[in-house]
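Shared between the two complexes below is chain A, which has chain B as its partner in the first and chain C in the second.
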Partner chain A sequence: MFPELFDTAPLRRAIDDGLDWLIATWGEGFEAAASPLQWTLNTIEQGLLALPWWALIAILTGLALLATRKPALPLVVAAAMLFLGVLGLWEDAIKTMALMLTATLGTIVVAIPLGVAMSGSALLRRVLTPVLDLMQTMPSFVYLIPAVMVFGPGRVPAVLATMIYAAPPLMRLTDLGLRLVDPDVLEAGWSFGMTRGQRLLKIQVPLALPTIFAGINQATMMSLSMVVIASMIGAGGLGYQVLQGIGRLEVSRGLLAGLGIVALAIVFDRVTQAFGRRLQQRLGVTDFKP
Partner chain B sequence: MRPHVKLAALALAAFLAAVAAQAATAAECETDRTIDIAEMGWPSAAALARVHAVILAKGYGCRVALVPGDTVPTLAAMVAKGEPALAPELWPNASKEAWEKGLAAGKVVDLGPAIAEGLVQGWYIPTYVAEANPGLRSVEDLPRYWQLFKDPDDPGKGRFVSCPPGWACEIMDANFFKAYGLGDTFNLFSPGSAGALDATIAQAFLRREPIVFYYWGPTAMMGRFPMTRLEMAPFDEAKFACIGDAACANPEKTDFVVPDAVKAAASWLPQEAPTVVEYLRKASLTNAEIGRILAWGEENKADAEAVAENFLRTEEAIWTGWVPAEIAAAVTAGLD
Partner chain C sequence: MSAVIDIREVTKIFGRSPERALALLRAGRGKQEIQAETGNVVGLDRVSLSIEAGEIYVVMGLSGSGKSTLIRHVNRLVDPTSGGIVVHGVDVMAMDAAGLRAYRRNTVSMVFQRFGLLPHRSVLDNVAFGLEVRGLGRAERETAARRWIETVGLAGYERSRPRQLSGGEQQRVGLARALAMDTPILLMDEAFSALDPLNRAQMQDELLALQRRLHKTILFITHDFDEALKLGTRIAVLRDGAVEQVGRPEEIVLRPATAHVAAFARHVGRARAVPLAAVMERGAFAPYPARLPATARCEDALALFAAHAWIGVDDADGAQVGRVGVGSVLEALAQPGSTEP
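Let's look at the complex of A and B:
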């Protein structure tokens, strides 16, 4: 046994009391800061729920058709969505989809600019890399419960926790994609008198798009994988069905909801991948596999 | 004697003394099977599991193992496989059907109350909300006060914080919700897990905001945050039976049953280890005692193991009454 150098109880009490103080004094501020997320989430969810089921299937199938121009993927997408509907998981699937889309949107808004900044500054990269490692390895329950205490239960802390989990791969891939751009091309831009911003937006970002798209695909998948954990803090949706299945020993309920999550994952993974490939073909860049 | 011989003799003597001490302290366990004790997620049950584990291991010399548990799965496993052998604090009402079937089939036995009196469950509001709104006294009043409890996900309704999925109270809350006609003014919100339920309540209390939620006691939360129970219609056994049924077609107004928390054992335990079971039957705490134990744990940020050790060290007056004197001595010796 490691010798007890000092009693950790006072330290832990200080942390707990600090959190209590934070909530009592700044709670409203935090909630206000998170209100754009809440608004986005409510809007997306209400929008999706207002759509008739066939319209949503038609839109997703249409997107798949647009991305591949072949019948295989649209058929898979339509089948996966019908599967969700037939099994009575439609509403839960929509809720999960809204959560995932909001988290992915939030991740894109936060992670891509940070990734761009990382690619431009070695110092920032050196500072952020360990932070990203921490975000990816810290067990999510550690920050989920304090997030509930700060933001209230429900979907806002769930979206935030999902963003913490999903942002690192997108940040890393954005940074990597931008840095992998051929220096000769950049130099050509330089010699034509392009400004820093022009080089970023007109050379680096377009050439890095396939890599960034791979990052978005990763972020989408990681958001979906947080679904069950997020429902442990009241996010609802398919994850909640899984939890209920476990809690009541209804294996069937858990299994069906689990398969529903798989169906959603297939839809979003394949569609975003297909768009990524299409982008690559259009730009004529070589395939990049992270 | 030459020095090294002396040393060897000394070592031998020490060894023999240790063996003798071992023999004197640990009694022979009545069963060869490992007694696995379900350690439930909430503090009182976890502390009780640890207390029993120490007494059975140090006092009765049994092989014990602690396994994580929860009401429904633990009871199901106990009925089906006889494992875990012991659930130190089981709320039978939370899984009534399985419990009664298990009792009738002789798969589980009821070893009497784990907490002797003072158990409560119901719908609660913070006491500061009750004081500020004298008109809000019962569940019937909730529809008139829904705006106090606005649901951020759906601001047109109030939010009632129910139980995590899989808990029996989740079904009861849903049925009470129907019985009291709250669907037009409230949303039933599931916090997803015990941790999130507590965090939700703690957040509201720390910010002195209104919240209406299900809770039960004795618990550390109830000790920490002053809460007021909302009144309900008088208790009626037949109506409550329907409330506890997920398939209840027409739930009617009634109250929660006064809960009981028992020690449940797999039926092989009393057959193979009668004296251990004799101890278990006696081991029961009152609400005040549990409250004191949990408050110490809360104050010292102690885990269940430390809470149990502190209980065994400081509350000897309570637990030495459960066991014969020589077992008590062995437990005390084993603590050091």
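Let's look at the complex of A and C:
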């Protein structure tokens, strides 16, 4: 046994008291700050639920067609969505989808500007990299606890915890994409007297777009993988079905909801990947016949 | 004539402690010694050049001679360790960020060896890029871009992407992009070196034709002595970051200042370097049926000697001022050392 050097109880108590104080003092501020998230989530969920089922399938299939211009992916997307409907998982799937889309949007809004800042400052990159490592390796349950304490059980803390989990890869890929832009092209840009803003918007972002898109794809998939965990704090959706399956030892419930999550993952992974490939082709990174 | 670009004692040292290396260099230490002692590389050592309005000034040197570093000092893509650059009487080193941007937007434009085109943009948008950076509206910059695309012979390719074009075509885009800026100074960094020989010769001819019309001040970097002789009004030969010789093409060929320059000169067709002005016999003669301008090269005269014993030489106004015969041309072309086995 490792010898007990000092009693850790006061330390833990100090952390807990500190968090309590934080919530007592800033709790309302946190909630106000998160209200755009709540609003976005509600809007997306109500919007998706208001759509007739066939319209949603048509939209997703249409996106798949737009991204690939081939019949295979649209067929897969339509089949996956029909599977969700036929098995009675439609509403839960939409709740999960809304959660995932909100978390992905929130991640994009936060992570891309931070990634841009990282690419421009070596100091910031050195500071943030270990923080990102920590965010990615810390078990996600750990930041569920304070999130629930601040916001109470529900979907907003679930979205926030998901964002913390999904943001690091997008930040890293944004930073990487912007920094790996062909130096010859940048030099030509400087020679014409471009500003730093013009460098970012006219050269770096367009050329880094495929990499950034790969980051968005990652964020989407990581958000989806968080929904089961998030259901433990009241996020609802397909994850909650899985949780109930565990609680009631109902294999069928857990299995079907699990397959539903897989179906959603296939739809969003393949469609975002197809868009990413399309961007790459447009830049000539891969061969492409117009 | 006053200098448009005045490069004054420019020294560039690459590395972590350029000041220390500079002190050693000033103390007369050799480059290898400095590199061994400080880990710094001397890129340029007190290079002074004076480039005049309307000339094509060629800087010629092998790879590692510092020529690409030198040209980047003119628009400050590289800052010197010591020394100065004065363009149109203005000290480029004294410019602040905004002043430097304005200078790059309005005074100098550059063509790159590896093109530096934007792969996500069409040819039209690439050529318009510099004007876009300058802040011109879409209609205005596209009108200008279309005109230059036509000038460089790429009409019909406006909507193509750079990667759909051959190397020669891509460099035409790079040239059009620089010309569209309509700056008085054009910097060309090994602009034709990546092209195949046929394309290169064609681009050289087109550049000369354009220059007769545009009268820009062109600083042209190359490692190809033939190219230097063909294009250059004057040539500076650079070796290991120092200038070996500056002169008109025929001076470089006929009177090389160092063994290094002589080595280049030995392997080059002198017929291309020596202008008729250097070998003609001045005087009033009856007008000859075959005539060439004094700036024409001996190469041009050789073909005419098949049918004519004498060729009249005209000045810039077309008045005959002298003549050349087969003998004087052949004498000028006979290369010292060429009779050795």
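Points worth noting:
By definition in this document, the second predicted complex is superposed on the first by the 285 of 290 C-alpha atoms of A that agree within 3 Å, B and C clash if a C-alpha of one lies under 4 Å from a C-alpha of the other, contacts with A are read in each partner's own complex, and residues count from 1 in each chain.
The rule is short, and it goes like this: a contact is a pair of C-beta atoms (placed from the backbone, for glycine too) under 8 Å apart; a residue touches a chain by one contact, two chains touch by 3 or more.
Small disclaimer: the values here were computed from a predicted structure and weren't measured.
When both complexes are superposed on chain A, chain B and chain C end up sitting side by side without clashing. Of the two partners chain B and chain C, it is B that touches the larger number of chain A residues. An angle of 150 degrees, to the nearest 10, separates chain B from chain C at the C-alpha centre of chain A in the overlay.
In the superposition on chain A, A:246 makes contact with chain B only, not with chain C. Once the two complexes are overlaid on the shared chain, A:42 sits against chain B while remaining clear of chain C. In the superposed pair of complexes, A:12 makes contact with chain B only, with no contact to chain C. Of the two partner chains placed by superposition, only chain C is touched by A:192; chain B is not.
Of the two partner chains placed by the overlay, only chain C lies in contact with A:207; chain B stays clear of it.
When the two structures are aligned on the shared chain, A:261 is found in touch with neither chain B nor chain C. Closest C-alpha contact of chain B with chain C, superposed model: 44 Å. On chain A, the patch touched by chain B and the patch touched by chain C do not overlap at any residue.
The touching residues of chain B, counted against chain A in their complex, run 70, 72-73, 76, 152-153, 161, 164-167, 170, 189-193, 195-196, 199-200, 202-203, 206-208, 300-302.
Across the complex, chain A is touched by residues 75, 77, 100-106, 108-110, 112, 114-120, 129-130, 132-134, 161-163, 174, 181, 187 of chain C. Note for the complex: chain A touches chain C at residues 182, 184-185, 187-195, 198, 202-203, 206-207, 282-284. For chain A in complex with chain B, the residues that touch the partner chain are 9, 12-13, 16, 20, 23-24, 27-28, 38, 42, 141, 144-146, 148-150, 152-156, 231-236, 240, 243-244, 246-249.
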